[in-house]
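Both complexes shown next keep chain A, but they swap its partner, so chain B is in the first and chain C is in the second.
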Partner chain A sequence: MTIVVEMTWQRRRSRFNHDWLKNQYLLSFGKCVNVLAGKVQDPEFDRERFLRRVVREWEQRGGEGLALGQDYESAMSPAVFFETTALRNCSPDTLVWLRPLIHELWKVRCDAGQHAQAVIDAANDTHAAFEMLKAAVEGDRTESDETLADRFNGFADCCQRLSQAISRLESTVRVI
Partner chain B sequence: MTKTDAPKTKVGVIDNNRERRNAMASAFTSAGCEVVQFYESHDRYGNATLKSDPASEPSASFQLVLCHTTDRELATDTRLGVPGGVTCTSIIYYGGSGGNDSNIPNGALRIWRQILGGTECLNETEAQEIVSFINSNMSEEMPVCLQPPKNMELLPALSILCQGYLGVHAAPGSLDVDVEVKWREKHTMELVKEALRTMKWNEVKKEMVAEIMRSPEGRARLRDGDPDARIVGVTSPAWWLDVFRGRKNLVDDVRGEWGSSPNFDESVKPLLEAILGKEKIEPGCVVEAFNAIYHRLKSER
Partner chain C sequence: MTTDLGQLPRILVIDDFFGRVFPSGRNEDRANLCAQYLLRDITGDEKGRGRGQTILKPLAEAIFSRGQSPVCSRVGDCVENDLAGCLRTVESGWSAHPGIRIWSLVLLDLCFYTGRVTEESHRANPGMPEGRPGDDAPGGYFGLEILRALQERYPELPVVILSSKPRDSVSKAFTAGGALGFLDRSDPQSPQLLREYLLRHGLIPDATGKIAGTSKSLLLALRTARQMAEHRRNVLIRGPRGSGKELMAAYINAPAADGKAPLVIVDSGTLSAQLYASELFGHKRGAFTSADQERPGRIVQAEGGDLFLDEIGNMPAEVQLGLLRVLEQREVVPIGGNQARSVDVRFISATNEDIEERAATGRGFRLDLLDRLREGGTIVLPALSERPEDIPLLAETFVREAETKNPRAMRREIDSMALTRLVAYSWPGNIRELRQCIFNAVNRHPDVEHLVPAHLDLAAERGAYRPEVSRDENADIENRGVQEERSLKTILQALQSFEFSDLRRSELEGRLPEIQATCGAFVASYLKAALEATAKPVEGKVQIHPAIKMALGDAGVSASKAADIIKSLLKGVEPVSDAVLKEAYEIALRLRPRRQRRQGAHSKPTKTGPTP
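For the complex of A and B:
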């Protein structure tokens, strides 16, 4: 069941994780992983340019993953129905106990707190890995190819884990 | 011409994920269609070649093409040697965003449920419905999987009120003793226990339940009301009706959201009639409605 209220968060999730992170950003990493690992020789592949693009894109969009985790509970809890459906007619006496009850039941049913925290942790880990990669890409170029490869692979793994953590979040508001 | 003599509908499936592409193709093959799959094959240098299966497909013109949203550029790829690429009468997009993908052209047909891998793909019945719809020049009723999700309001609201009603009657962690006595009727009691399990009532920590619900007095107040404090109890039709005020045809409105699914009259209508009546709302009709709405909403996912 999908309702209008969830669209903002759901669209943000869809555009970040599905459209960009999983199907654009991470997919584009494949060739670079092979070049850095020495599995593929491709003189036309501009490694520096590619890595600068990777850094630039994450700087622009990386924060969206963290925000998805932080906003998850407030955006996807069925408690939103008290603002958007006939339940807005509930009396204040009822709202005092029914709204938190429905929210807590939902949190238990779908492990909402744990899943949201996993996204926040994965986003923070990814950003830490990104900072190390960025230092290697934009620094004084004294890093060896091996170090650069390690940092890129570390960042790619973190991105992968972030994508998987976001995938585990509910994609629709469910009352039960 | 008998049905078996009718020319097969030609369907193309464009998708770079093999498992998902095979699942989608399999549904349409089972539905009696002639299916060609298109995908991009990469060598170790990242160079792509467009392939088709079967490879000997002489023409790339179809009545229907199913296209994964992120692979839509393949539809206009000319590497197959077909001028203009793959052409078709109708195209249906699908993907992991459940129809909300920004890559889908405005107004285009799409499958509205999330299709991430092979397990979420169409089944044979859905494929048959789509083929029938396309072959009728879209004059038949649109298959459910191509319809945008319904904007439900009343069924979720009813489910939430039912959860509130059941929560008020049950102590944190277990059913209240007086509820056990009152709901002696075994069938009802079993249904209530099932509903509470579905709600995960027993897993909610006591401290998370609102203060007013923790004491027997507090719950009794919420259940039966308190005229002095002007609190309307959950057993009063007024508590429910308050939410649906202004609706002249509550039963019909809820039935509208219920759609063509069975058992509305047996499971949900009795609660609605009780809400519109003057007697106390009994647990039997609440729990029947709750369980039915649970299954109905689950079928929407």
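For the complex of A and C:
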């Protein structure tokens, strides 16, 4: 059985992963790759400006990915029904054991803890890759173009993995 | 990428995010999508907004549709899903209208956000609404509603989901809705996957241009052919004569082993049972009277590739049985031999008959053989009258081809009235008849710059169309000359190997005059063809010297010798009734007048000469 509950966490995920990371951020990477490969010509494209924008945007929004992983269990566990549905009327004696039981059962059956940890790990990896890219973009630029490209590609791969990890999280609160 | 696909496919993208139009400035997100997927945006809703990007080798043209109303939304507007508008957009690129290119593929988004455009939602993404509960729930995706409507109205339209939403939660729903696949929008592999979807499922024309046309019925047949070409199972091609079945066989063969797999053609229209069997299976030396040397059959020649069996309806019963054994055992035994050889051959067969009906009712074709020959599927080629929208392109193609082949021909434009007449005509002989009509028009009027209605000789309009114009019914329109040469060769081979000893006495008795007359008519027909092929282009006057040089393949033959040959070939058929032969005979007589016969000399008329 699946019950659709419009959750703040789900809206946050949608705005971060769907609206921004996939539809805007990663697509702009795809364009950059094809411009640099000579498949696309754009007189308005400037590599340096593009890289600075990549850095700026991640600084503004990158933390949202980590937060999604950290908040996942508390936001998407069926335990939330004890706060939002008739289950809130359970006696305190029942709540004290039933709520954690439901939560643990969900974690086991849906691998919730592993999925959340995968998002947290991916977010941390992405941030580490970002720091290296940022240093290359904003530093004294002594590194070669190849090194810069490697760092950009490494960061792009990490973003991709983060997006996939977030996509694997449940999109609805399940009653198990 | 584009080279493989030829003419750029046209893709419709239905997506709220990339289909929205900005009141000012460019939709950079759409530009990024196009840049990543190498799509040329031809929507035309962002004209005059800077130079923008150029896709150097685009995979496809793309037209974007928001699928919502209004298309261009501002703060305060309420955005609603628009199923009727979506269907109108799809319809505009699906119904057959002259000059309208149909959708090769539809890329469909899943999640469409609706509701009020607020300051906050507009700041995050210009023109996007804040969204309503349920927009983002997999069970309520508007994309799935569009998909179900498309499947119901346009079941042949290829639709692929392009979304950034998780695939797993909707995979069952989109598969049930008829979508062919799912592209994760930001996945770097997706552009390559889109290319593969286009090749496998898209309605795209023949990249080589050999099968000219962009009509829906042709593109559906080409798609079926590409899908069948992916495996090595036998294929049956059905279609009226002149519709290009041999070209379709070549199209199926082309992708195999990068075009290195052989395509061996057997035209069964003219072969006797023995010759047919020998042609297919090969023979050992001494297997029959004229088998003076061992010869591998066509099946062995097609090893690793394809064997095209044209006109399978004409296949003699004993050959059908032999072929069935080959198909069942995947090995062939030559006639007169006893050692089997394994073969790996795909059989592509063709017919213009209702072969299924014949097989089902036991009229001359084995059902078990037919089942083997169509195990990989059947491709149905449309008649030209079913795809009139292709006639302008085909006519243009044939005009250019005819001009190339005739060094005296000027380059010409097809007049609009001529085109109207071509499109309105019924084309009982299909593409082959159209090609012949255009070639005749160019060859008879080489010095004009416009092809006008008066140049067109449409046989069926004057009741002169003859369905059985040639034996090789399914000749490849591109290689017709080669095909006719091959047919002539097979006729000569058949004549050579024919054994009168097999006939009963009653069938032999008194047939010599008839056989002589038939042979004479055959030679006269050949001579007439040579005379017509070398006639003066405009006035159509025959020229016996070039005709005889061509017929003999001997450039050194003199004019007087040519006249003698004409006289000799037409001897005994006075008066010659055929206008072309008569003209040639009179020229020959002028050049080489007959010697005056001696008074009283007895001249016995020949009854068995050519009877043209």
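Observations on the structure shown:
Following the convention adopted for this analysis, the second predicted complex is superposed on the first by the 159 of 176 C-alpha atoms of A that agree within 3 Å, B and C clash if a C-alpha of one lies under 4 Å from a C-alpha of the other, contacts with A are read in each partner's own complex, and residues count from 1 in each chain.
Methods note: contacts are C-beta pairs under 8 Å (C-beta built on N, C-alpha and C of every residue); 3 or more make two chains touch, one makes a residue touch a chain.
Computed from a prediction, not measured in an experiment: that's the story for all the values here.
After overlaying the two complexes on the shared chain, residue contacts for A:N34 are found with chain B and with chain C alike. By the touch criterion stated above, A:S14 is placed in contact with chain B and with chain C alike.
By the touch criterion defined above, A:V108 reaches chain B but does not reach chain C. By the touch criterion defined above, A:S77 reaches neither chain B nor chain C. After overlaying the two complexes on the shared chain, residue contacts for A:Q160 are found with chain C alone; chain B is out of touch. Within the superposed three-chain model, A:P43 lies in touch with chain C and out of touch with chain B [touch as defined at top]. Contact with chain B, but none with chain C, is seen for A:N89 once the two complexes are overlaid on the shared chain. In the superposition on chain A, contact of A:T126 is made with neither chain B nor chain C. Counting residues of chain A touched by each partner, chain B versus chain C, the larger count belongs to B.
Contacts of A:N23 after superposition: both chain B and chain C are touched. Shared contact residues of chain A, touching chain B in one structure and chain C in the other: 4, 10-11, 14-15, 18-19, 22-23, 30-31, 34, 39-40, 42, 167, 171-172.
Residues of chain A touching chain C in their complex: 4, 6, 10-11, 14-15, 17-19, 21-24, 26-28, 30-31, 33-35, 38-45, 160, 163, 167-168, 171-172. Interface of chain C with chain A (complex): residues 17, 29, 31-33, 35-38, 50-57, 111, 124-125, 128, 131, 133-134, 136-139, 164-166, 169, 184-188, 191.
In the complex of the two chains, the chain A residues touching chain B come out as 1-4, 7, 10-11, 14-15, 18-19, 22-23, 30-31, 34, 39-40, 42, 78, 81, 84-87, 89-91, 93-94, 96-98, 100-102, 104-105, 108-109, 167, 171-172, 174-176.
Across the complex, chain A is touched by residues 44-46, 70, 95-98, 100-103, 114, 116, 149-154, 156-157, 159-161, 163-164, 167, 198-201, 203-205, 208-210, 212-213, 222, 230-232, 239, 242-245, 247, 293-294, 297, 300-301 of chain B.
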